[in-house]
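Structures given as structure tokens follow.
In what follows, chain A forms one complex with chain B and a second complex with chain C.
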Partner chain A sequence: MSTPKKPRPPLRFSKIAKNHGDVRAVGPVSFTVNAGESVALVGHNGSGKSTLLAIAAGVLDPSEGNMKVNGIDAGEPAARAAVSYIRDHPVLYEDLTVREHLDYLSRLHGSTPEAHNADELLNRLGLGGRADDLPSTFSRGLRQKAAIAVALCRPFATLLIDEPFSGLDDAGQRALLELIDEIRAEGGSVLVATHDQGALKRFDRAVVLSEGELVFDGAVADVPTH
Partner chain B sequence: MTATVFNKKSAATALGALGVVYGDIGTSPLYALRESLAGEHDLAVSEANVIGILSLIVWSLLIVVTLKYLVVVMRADNEGEGGILALSALIVDRGGARRRAGLIMLALFGTALLYGDGMITPAISVLAAVEGIEVAAPSVHAWIKPIAALILVLLFAVQHRGTGVIGRFFGPIMVMWFSSLALLGVAEMRHEPGVAKALNPIWAIRFFIDNGGRGFLVLGSVFLVVTGGEALYADMGHFGRRSIQTVWYGLVLPSLILNYFGQGALLLQDPTAIENPFFLLAPGWAEWPLTVLATMATVIASQALITGAFSLTVQAIHLDYLPRLHTVQTSDEDRGHVYVPAVNWFLLAACLILVFAFGTSSRLAAAYGVAVTLTMVVTTLLVGHVAYHRWGWSAPAVVAITWPLLVVDAAFAGANIFKIPAGGWFPLLVGLLGFTVFTTWRTGRRLLSARLERQTLSIADFVASLGKNPPQRHLGTGVYLHRSPDRVPPVLLANLRFNETLHEQVVILSITSTNEPTVAPAARAKFVHHKLGFHQLELRYGFADTPNVSHDLAQLVDAKVSFEPDITTFFLGRERIDVTDRPGMMEWREHLFAFLHRNAADPAQHFRIPRERTVDIGSHIDI
Partner chain C sequence: MLSDHQVEGVDALEQLRRVRRHRGQQDANPFDSFYRLYVTGLGGLFGFYLALGLVDEVEVGQGGIDWAATNSGRWVALVAAVALAVGARSGANGGPLAIDDLELHHVLLSPISRKISLRLPAFRMIALSAGIGVVLGAAAGELASRQLPGRQAAWVLSGLLVAALVAVSAVGAAFVTSGANWSRRWVMAGSLVLPTWAVVDLVLARTTSPTSGFGFVAMLPFDTNPLALTAVAVSVLLVGLGWRWRGSISMERAHHRSRLVAQIRFAFAQQDIRSLLLLRRQLGFETPRSRPWFTIKGGGRIEQRVPVLVRDARSYARWPLARATRVALLMVVAGLSLGAMWRGTTALIVVAAIAIYLAAIETIEPLSQELDHPGMLELIPIVAGRVVLMHVLSGILAMTVVWLGIGGIAALASLDWQISAAVSIAALPAASAAVAAAALSIRRFDSPSMTMPEEVEGPRMILRLLWPPALTLFGTIPVLVARNAAQRGDSVIPPAINLTVIVAIVAAIAVSWIRFRDEVISATANFNPEAP
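Entry: the complex of A and B
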């Protein structure tokens, strides 16, 4: 019997900092997100939440520090394959229908929409009747829902979502929170950047940023009120 | 089961062909005989003249439409597409590159001339039909022009629905129209069955002998009977040769001959009927219904040329004689069905100007036909070339077929030349303008490519040089649209120079159009991978395909490259043309080219490249 290796956390931010020219945008910040855990990254506009998410997704390189996804450098193909990332302003192609997006992105990640119950997913998000429409005809909220569907229709270990609640209606928010719970229950992890205090209580943990610095990391119940 | 479906489909197609393709030829009885006798020629309405002209009409239909277009010319289809431009794409190099270039120039001129007459067809046919109201109610005279204009506006306004839909609706009307032509003709011929002797060509020959030079000039008006021949060929891609031929022999040709004979029979009994021999064929009670039917038929006649103009335009864009124009595919099933808004509105404007400037169908008839007779001469020449070089006809066979046709074409063209002062200059001018645009665009594009080519490297060389001095790379895919698949686009160099970084994956995307009408989706993409994350991707579309780059990229699941929306950026070069005194074209042509280039449809829109992910990088090019 070999001793089990210490599991590598899905996300490990080690002294991550990002500068824009001479201006420090965020950091240095260190924290981890563990398997089966949902973490809310909280802070005001400009506190650095989106920057950290983009670094975890591998689409932005940190100026300092070390970002690991399952022990692999963020941005490496295997690291990118492990995270599914929904931007603040989701990017979708104007000339592809929702279904074509689902189909393309799931195949790109070696899967199929059917393997992720795409139709049921669309129904739960209230997009059941819109699968064959072009997202360019959608409102902001619908686009957000389409982007969520696309992000969930592929294999991943960690879901990164930037400000998911601002554009969503109540039903959409409920559906998303349920989906997050399911991901967590299946051992996946979720990191959500939000300034929405209302949704906080549904998360396991909160990391609070203020002006680029980490000011709190702990149970949601203990988050200091302003 | 399959057979039934097939037959049903071909019946519907034949009906559509009837509506659109035969509209022009089918409405010539409204004015052609009248113009040949009266009009500017002012011939006596005598038996010799009437029978002589009828004989000319019948034999024009047999020689020009039947023998030339249906039997010979329609064999020259380019994968089902017809028309003088598709024909020009069949010209081969044998016989010398210069001869080929010369023939292509001729074809372009012929094409441009079609636009000139194309503008007249709707104007003259609709005017002629509305003038029928005057026979029934002379008091409406002042309203003729506004009514004709209104009908034209309505006609052009429904074009976006597509020829398929329009054709289905038009087919039944045209069946009624041709049946009426035949019935009216037969009813009148009962009183004067002797007109049938016009079938004997001796009467046509005698007419020439008796009338000398004036007889020759009459050919210019007799030609009105067959003006639709060239449009019929251009429409072939929409409906297919088979259904066009079936309808011609089975219905159109007999109806036309019977009706012209009926008009002749009427004139023999009552020479004063020359005022409007077509409408006077009808008994009093039928005048109004006939006017309505004639108006509908002429609307359909106009359709023949409008549809032909769309087809020609799309082909011209594909063959790079015109800048990209916004085009709309109007049928998912039928590749030939297109709508080109810019051409539509341009034709409408021209038609309205013609209606108000010329005022009557008789005056327009004097301008009509000049351009299309020249196109017909060119078509015969091109078909002769194709028959010899492509079909392997022997030289004597080619001569035996084309020379007599050329004599006929030349006779019509010669007679039409005399129409130039009376308005024939108009279609010629339009033709000349079109020809100038075609050749200027073509030459300008060549100059532009030559200038760009000189500045660029091959991808292989570029990648090799990059290896020695690698730039920073960042995550994602950069897609650069470029016309030659194996050259480095100037936009990429500009981006590298300004940003000093490149995407991890760089794709040079070229979109090429083939000489086939469609390309199977499986054969669409060709990927070539280079070192250092460079890739060449060629997407091939047929000239009747509607490009959709977004869709086709999403079909490419390649382990090396991902086009995931949030990490893919598209780069387009926007060349701004600066006219300089560098050698190239004459300055006014360079200005024309710069203008056309500026107004070409947005490539991102045209090819369906994700607009939100597209970066335009401008550059100045001197020509």
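Entry: the complex of A and C
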């Protein structure tokens, strides 16, 4: 009797290292993010959190090791389809309204805003009344919320978020944490780079980086305090 | 074959581009666009008719025609080789497309094939480069037809053909190196092969380099050489490969470029040479060496007495290889140009001055670093002007070494050691003028801002751009005067000394302005009771 194939993890970092010139910024680092799991990537400034997220999104090439998304090399079309990436600063078209963003970007991914309950999503993020406004008129927090809506209004299996809580008010933070819980409950996975110690308890696992090295990978409750 | 999702995505992409273009056109001020077109066209026509006038004034003679028939093709081959090298390097640095951050994040990270999403921008870039090549090439052909035998139409046609082929080949080379994702280091080193080969051909009067075909195309009105077809083959190969590989761009390099290109455009619009230089270095991944070429121990007596000079020496010790090579190349260009000037091609003194000015901008790096952080300068309990002056002095020392190197190369190029004497006499004041000029091109040393009528702002802007290179050119005049003396059979030393004294006075005034600028502005402000 043949044993069923073990499903490939949504994200697998295998001995990933990144150099900037002759300086090593990260690694080598190895860990996986499994389906239905939310993982917090924690560390001080310059520890390599954003670099690892950008490598997983296919924006940066690793200097060593390999990055697999559902068993496919990061950056390949199928990997890009599987990953939704929110950068630390919102990337939004100044000449499109929020609703036009959702319409355009979900179609770019072969979907429609209706399939992702766009109106409800906007309401939950507190953007219901601003859907037809241009993001250029928004504050930093509202832009961050718009970027979250754009990233969630498309099909994906894994959500990557870089510093999601910066600039968000309490209601926005709560809404985002609820949305992350829902993604997990539906079998999706989430990898979040954050400084926010308060939000850690909402995640299944924490990966702690220090000066580019992985120093801890385990349950959130066991994260070292320093 | 595209999947339904891909087709839907491509439709969405095309629709968005239409909407954005339409909104962009709605937002754009048609008067502004027309005015820009008008100024560019007028400037182009003015430059063309100026060049026509200059060309018509020159009497080429049979000797000149023979020279052109023998050598012009090799010069065109060299230009083509340099263009291909520039293209290849641009591709290795994330070019040739400057994709904005939004397209990068939303479109290139979407599952749509990058080959499809980059099809339109790539086509536009190739078409635009061909168009620019046609216009410039036709103008060059017209200029050539004024002096060289052959039909005007033939020169114009060969000019536009060769320029268009060179332009699209350079863009094609950029797409090839970008799509192939070759190691940057190898591309940078490999890009020197073609220009070096073309220079060797030029010196040895041969036509063996792969870009020789472009020269044959340019010389078609003189001689129909079937090897001209190799230029077409090179262009088709590069554009074809580049077009095929356009979708394999490195996201990392494209991201790096997209971040910098917008800043470079802004700095260019502001004529901020320092920012342009810094951004250009970032584009080329040029960072100071973490292991210096030489080390200077801290805390010594020299450091206590002249800390600024020691700090500057540490800065030079961390020059990356690329910067050191660039200054060495500029030194060679300046030396060869001065050597050619000594042998009679007077106009090349301008090329020498530009090379010296660019080298001086590199040598004032420690001063520029200091001025990049004005807050730190204000925290030092010494008058800022004194610190700045010490940085200028270290720049002058470094530039004097460069100047002496230029003299040696010029002597080798002209086979006349008298030029070394002239360059040595002028070295210190000319280096001072070049360093002062480079420092004055930093925005901080602008003349104090005044409310000027708008009509005066344009000329003031042009003056601001031209005045530093002009000061550097002035520093090289003693060598020109010495050359004239040598041509008359007189001693080169007395006229060189006479002019050097004048250069020294002008350089001293410029350095004094740099040293005392803050005090002068502050005194002027105190004098004016209405000043803030």
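Just so we're on the same page, the second predicted complex is superposed on the first by the 223 of 226 C-alpha atoms of A that agree within 3 Å, B and C clash if a C-alpha of one lies under 4 Å from a C-alpha of the other, contacts with A are read in each partner's own complex, and residues count from 1 in each chain.
By our rule, contacts are C-beta pairs under 8 Å (C-beta built on N, C-alpha and C of every residue); 3 or more make two chains touch, one makes a residue touch a chain.
Note that the structure is predicted; figures quoted are calculated from it, not measured.
Superposition of the two structures on chain A leads chain B and chain C into a clash. Greater residue coverage of chain A by touch, when chain B is weighed against chain C, goes to C. Of the two partner chains, chain C is the only one that A:Asp22 touches; chain B does not reach it.
Once chain A of one complex is fitted onto chain A of the other, the partner contacts of A:Ala78 are limited to chain C, with no touch recorded for chain B.
Within the superposed three-chain model, A:Ala35 lies out of touch with both chain B and chain C [touch as defined at top]. In the superposition on chain A, A:Leu177 contacts neither chain B nor chain C.
Put simply, of the chain C stretches 96-104, 222-230, 348-356 or 384-392, the part that bumps into chain B is 96-104.
Residues 58-59, 61, 75, 85, 87, 91-93, 95-96, 100, 104-105, 107-108 of chain A are contacted both by chain B in one complex and by chain C in the other.
Of all residues in chain B, those touching chain A in their complex are 474-476, 548-551, 554-555, 557, 562-567, 608, 610-613.
Chain C contributes residues 3-6, 8-9, 11-13, 15-16, 19-20, 23-24, 27, 101-102, 104-107, 109-113, 250-252, 255, 285, 287, 290 to its touches with chain A in the complex. Those residues of chain A that touch chain C in the complex are listed here as 21-23, 57-61, 75, 77-78, 80-81, 85, 87, 91-93, 95-96, 100, 104-105, 107-110.
Chain A makes touch with chain B in their complex at residues 58-59, 61, 75, 85, 87, 90-96, 100-101, 103-105, 107-108.
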